[in-house]
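Scrolling down, you'll hit the structures one after another.
Okay, so chain A shows up in both of these, paired with chain B first and chain C after.
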Partner chain A sequence: MNRRFIISFAGLFALLVILALLNLSMGSVRVEPGTILGIITGSEADPVSTGIIKEIRIPRLIGALILGGALSVSGFLLQTFFHNPLAGPFVLGISSGAKLAVALAMTFSLSAGFLLNSWVMIGAAFLGAMTVMLFILAVSGVAKSSAVLIICGIMAGYFCSALTELAVTFADDQNIVNLHSWSQGSFSGISRANTGVIVPAVLICMVFVFIISKPMGAYQLGEAYARSSGVSITGLKIALIILSGLLSAVVAAFAGPVSFVGIAVPQLMKGIFKTEKPVFMIPASFLGGAVFCLFCDLLARLVFAPVELSISVVTSIFGAPVVIWVMLGRKRAKEGMDNGR
Partner chain B sequence: MEDNTVLSLDGLCVGYGKKQVVSDISFSIKAGETVCLIGPNGAGKSTILKTIAKMIPPVSGKAVLLGRDIRHIKETELARNVSCMFPQVPDTLYLTCSDIVENGRYPYTGMFGRLSGSDRDKVNESMEATGVTELAGRYFHTLSDGQKQRVMFARAICQEPKLLLLDEPASFLDIRYKLELLELIRKFSKERGTAVLFSMHEITLAGRTSDRMIAIKNGKVDSMGRPEDMLDPGHIEELYDLKKGSLKDGMLNGIF
Partner chain C sequence: MRKLFYLLILCMILVTGCAQAQGSASSDSADEFFAGIKKTGGMELEHAKEFEVSYYGDDISLIDINDTGRYLLLNEGTVVPEGVPEDVTVIKKPLRHTYVAASSVMDLYRELGVLNNVEMTSTKYEDWSIEEVREALDAEDMFYVGKYGTPDFEFVLDCGCDLAIESTMIYHKPQTKEKLESLGIPVMVEHSSYEEDPLGRLEWIKLYGLLNDKLPEAEAFFEGEEKKLSKIRTYDGEKKKTAFFALTPQGAVNVKKEDDYVVKMIELANGEYVPKGDTQTIQMESFLAGAGDADILIYNATIYDEPEDLRTLISMNAGLKDLKAVRDGNVWCTKDDVFQRTTAVCDMTAELGEVISGNAQDDMRYFYRLK
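Presenting the complex of A and B:
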């Protein structure tokens, strides 16, 4: 671990703590940091602020933090898989596929008069994600061009989003509001019960992601070199697909579509840490994604309060320029102007 | 079969699926021996190398590495005995040369790929042997093609192979770097007793740096022998379907 890594990790962690506090404290009702501490330790008894913090802001904070990290890692896995810096769950339509499956499952269950269990929602999202993923894999098998891959992904995304809108439009009146804000992407609907599912689901995935960090590192040199150093390529590819699909499915099930985090954050982290090694990039992407989503969610809640922006509005405003900037930077670096550490 | 045989091919047929590209290949390579595969484009030199590296399964016949059929050798174990170099170099952005060379320790490291002290020694030793020590901290993509190939060679020897498979290892290099790399490979092979099998277009260059040459043509082994016999103009004309008499002694160096 060199100094750059230590400083970058420390910096990200500090940002995470600061943003977490701001997210808990700011909003329509202001809660002072001292009171927050009191509520968490149990010494504060004011029922209104306790309710706000425990039932609304902490679940939302955990949601944004864990799902932001999950989305960013999912993007890093896809970029590794496709050897393409522009790959990500949103761009490839995987998020939208997951969203469509969840929307169908939700409208069906609502019209039948029962609520879906969180795990069933993740399952539906995973099926949707995998369906689009299989389509994308078929495309990448036929057309070797990475531009074609990205375009087909974007088209699959539009297609699924259109079908989702259709499903939402025909949903029962009273449920439209809920479904609508979710289908636009938001961390607002996350309940305490949801976090009890989100946290273990993402953590389990992350354990497996760490387990495949070594073969991922070899795979970055290309399939031929990876194989010649002893990587079982098929196993690695299946693991990458299932894990990236699961991570984006969890996000889609609870927060709907969140754009740009999957591409922008890993690219940004590569630029900050100056490495691509998965052992560092996995924790860095997770932490970076968490920080980015906490920041964007804070703005989504506060800028036009009491009206809330959908999360993708904010992530796009900050994420899209980052992608362009990173791509131009990447081009410069490729031309050899960025010489060594 | 002698004790120091590293690789022996016995009626090996290589190809993709059922389609045979080269059939009935039989030869063996001893420790410290450098053998070059030559032949027209598309003759199947790469296919042979890929089959021995277990990247594609053999159509029939067998390849025996250190007395064992490669089909029964697990990936990691194979990687501890065989390392490869391909014509394409990796396309990376933020990986340094030492990151790339360290990858050669893959079959030896534990679950998260952490290098032990002796792994690190091997990395440094390999970089020194190929003269890339001073490039260690540089980003791989900023190197010249010649430097990149030397780093890839350092990665390959860092794997401590008994057999090195090199597919057109010097294809994008100019003549000086080609010679340099080939000399490096030959020196390494003699010093460490590593068997080397490589393919190359420039036949005279290949001849200067190999102990034996094997010509592949029309889906089979056309001929094999010492470089001086294989590079006889008459033989080359026949192998590459050149017009009779278009090659005269001495012109060979100018053309290839």
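Presenting the complex of A and C:
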């Protein structure tokens, strides 16, 4: 591992720790660091401070950290798969599928005399996301071209969006307001019980992502090279779709659609690490996504407190310039190389 | 690679199974809980259909809100009885730090003189038209804690919130309700907007009277308002067709469903609501067909911006100019605080009666004529 990698990983990890501590210690109510430590070690008994740290800040911190990492890795997998730096986790229509399922759940639950709870919402979003992912998986068995697949993903997204609008047409005003709010994403509602599902789900996926990192590296050098190295191209493509789909479905289920993290963070990490090798980029993307989301969530909570910004507002504000900067940087580098020839 | 795929699917099924196990909740039998406590009476309700209150002695009341839940209200110092079922939320008086996220409730608190018990709201200062609420916010006796879906949980907890009153909107943000509950805050979901009878909606003041130890005052107020409405009910003569609507920015028309309490107010005021139907947003063509011969048009300015005058309204959709009510100059507009003034149901119905009977002045407390 070269010096750049060591410094970059150390820097990212340090940022992660700093931001985690800031997220833990900053909020609209002041909780002293000693009290936080006491709560974590179990020696502090003040119920208000304990509730703030254990029920509000820690679950939210874990949610932003793990889901941010998951989203970024999901984006990296798809960028590898499509050989396209602008492919994001939701380009395959996964968030649109989740939104459709949530819209249907919202619209028909109350009229059917059925009260929604958070697990039903999570289940609906996950089911919607997975349905679209299975459709993409089925298409991938027929279409050999990545371009066809990406078009099918976009079309699936449009189709789901159209059905969502159809449901909205017959929905009450309050359903429309809430659906809009859900579609902007937030880590606000993440509970301790939620983290009990988020952490194992994402970690299990991450284990499989690491398992396929070597064949991914061969695939980056071209399908012919990967095939000659003994990589099953079809199997790898299926694994990439399933893993990226599962990771982004977990995010959509628990936090709603979160924009730009999947596109911007892997690009930023490629710029920092100066490599595209999956064995480095997977942990780098996870750490980068976690850092980015912790930072954005801190701003979302604090800048206009007590009003909370939706997470996608902040990630887009910071993510969009990153993508533009990376694209321009690449163009300049390419022009430099052309002039040097 | 195939083995990898199957292994992955198996893992996800296991994780999903864990999630379902965590999400399930057991429920006890209500009979078991109440076996040891004898019901001694109930709140007398004449019009409200969406809630009931049963008394169990002097210190314990059971509030049952339709499609929402049951709440055990305990007087100060009363010990929580054993065996309270999981679906029953315990609320302990006194309630001095209430978080009101259902804006229609605030006027009931104002009427009872207990706004000082409300410490938090999810409606911004500029969106309040109740002067007393603005004053409380100015004086920092009450605080805005963010939108109802993403309130500042830390602040709410730090204030020592002893009750959160939410509207049914919260059912679409279940995480928020569950988060408040996980912080030990009882969440009561208000259901008065589902009352079909305007007096039923007003009778909810008795519930808030009970919560704030102002039940006699609530009953006296309700009795007075009921008398006002009984006068309005004596209106006779020909029923006039009345439409109540708003134009959406997309050019559609927002109307009231037939079971809405505004429709009932119009009927109480000797009007016949048009266009009939059970859809909230309809096309302009349908509206023109249904309300073309309406005698009176009332524009609902509480949803979108209010038109300055009749010309502005017609410029929003030229099709309106051919309506009978427009030709007759019988177009009215609501003032923007109509729906925050929950206690003014009878006064509003009285003004509607004057509009419908043709005896109204051009500018009244809740309605004004568009010229």
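Everything that follows uses one rule, which is that the second predicted complex is superposed on the first by the 253 of 341 C-alpha atoms of A that agree within 3 Å, B and C clash if a C-alpha of one lies under 4 Å from a C-alpha of the other, contacts with A are read in each partner's own complex, and residues count from 1 in each chain.
Note that in this section a contact is a pair of C-beta atoms (placed from the backbone, for glycine too) under 8 Å apart; a residue touches a chain by one contact, two chains touch by 3 or more.
If you're wondering where the values come from, they're calculated on a predicted model, not measured in any experiment.
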{"item": "First (chain B), second (chain C), both or neither touched by A:G51", "value": "second"}
{"item": "First (chain B), second (chain C), both or neither touched by A:L246", "value": "second"}
{"item": "Dominant toucher of chain A (residue count), chain B or chain C", "value": "C"}
{"item": "Touched partner set for A:V148, first chain B, second chain C, both or neither", "value": "neither"}
{"item": "Touching partner for A:V303 - first (chain B), second (chain C), both, neither", "value": "neither"}
{"item": "Touched partner set for A:G27, first chain B, second chain C, both or neither", "value": "second"}
{"item": "Which superposed partner A:S186 touches (first chain B, second chain C, both, neither)", "value": "second"}
{"item": "Contacts of A:L328 with chain B and chain C, given as first, second, both or neither", "value": "neither"}
{"item": "Chain B versus chain C as contact partner of A:R227, first or second or both or neither", "value": "first"}
{"item": "Chain B versus chain C as contact partner of A:K270, first or second or both or neither", "value": "first"}
{"item": "Residues on chain A lying within both footprints (that of chain B and that of chain C)", "value": "211, 232"}
{"item": "Touch list for chain B against partner chain A, complex", "value": "53-55, 75-76, 78-80, 82-84, 86, 88, 90-96, 99-100, 103-104, 106-107, 109, 111-113, 137-139, 141-142, 155, 159"}
{"item": "In the complex, chain A residues that touch chain B", "value": "83, 210-211, 213-214, 217-218, 220-222, 224-225, 227-232, 270, 273-277, 279, 330, 333-334, 336, 338-341"}
{"item": "Complex interface listing, chain C residues touching chain A", "value": "1-2, 4-5, 7-8, 11-12, 15-16, 18-20, 22-23, 67, 143-147, 149-155, 157-158, 160, 168-169, 171-176, 178-179, 182-184, 279-281, 303"}
{"item": "In the complex, chain A residues that touch chain C", "value": "27-29, 47-48, 51-52, 55-57, 106, 109-110, 113, 115-123, 126, 169-170, 172-175, 177-179, 181-182, 186, 188-193, 196-197, 200-201, 204-205, 208, 211-212, 232, 235-236, 238-239, 242-243, 246, 305-308"}
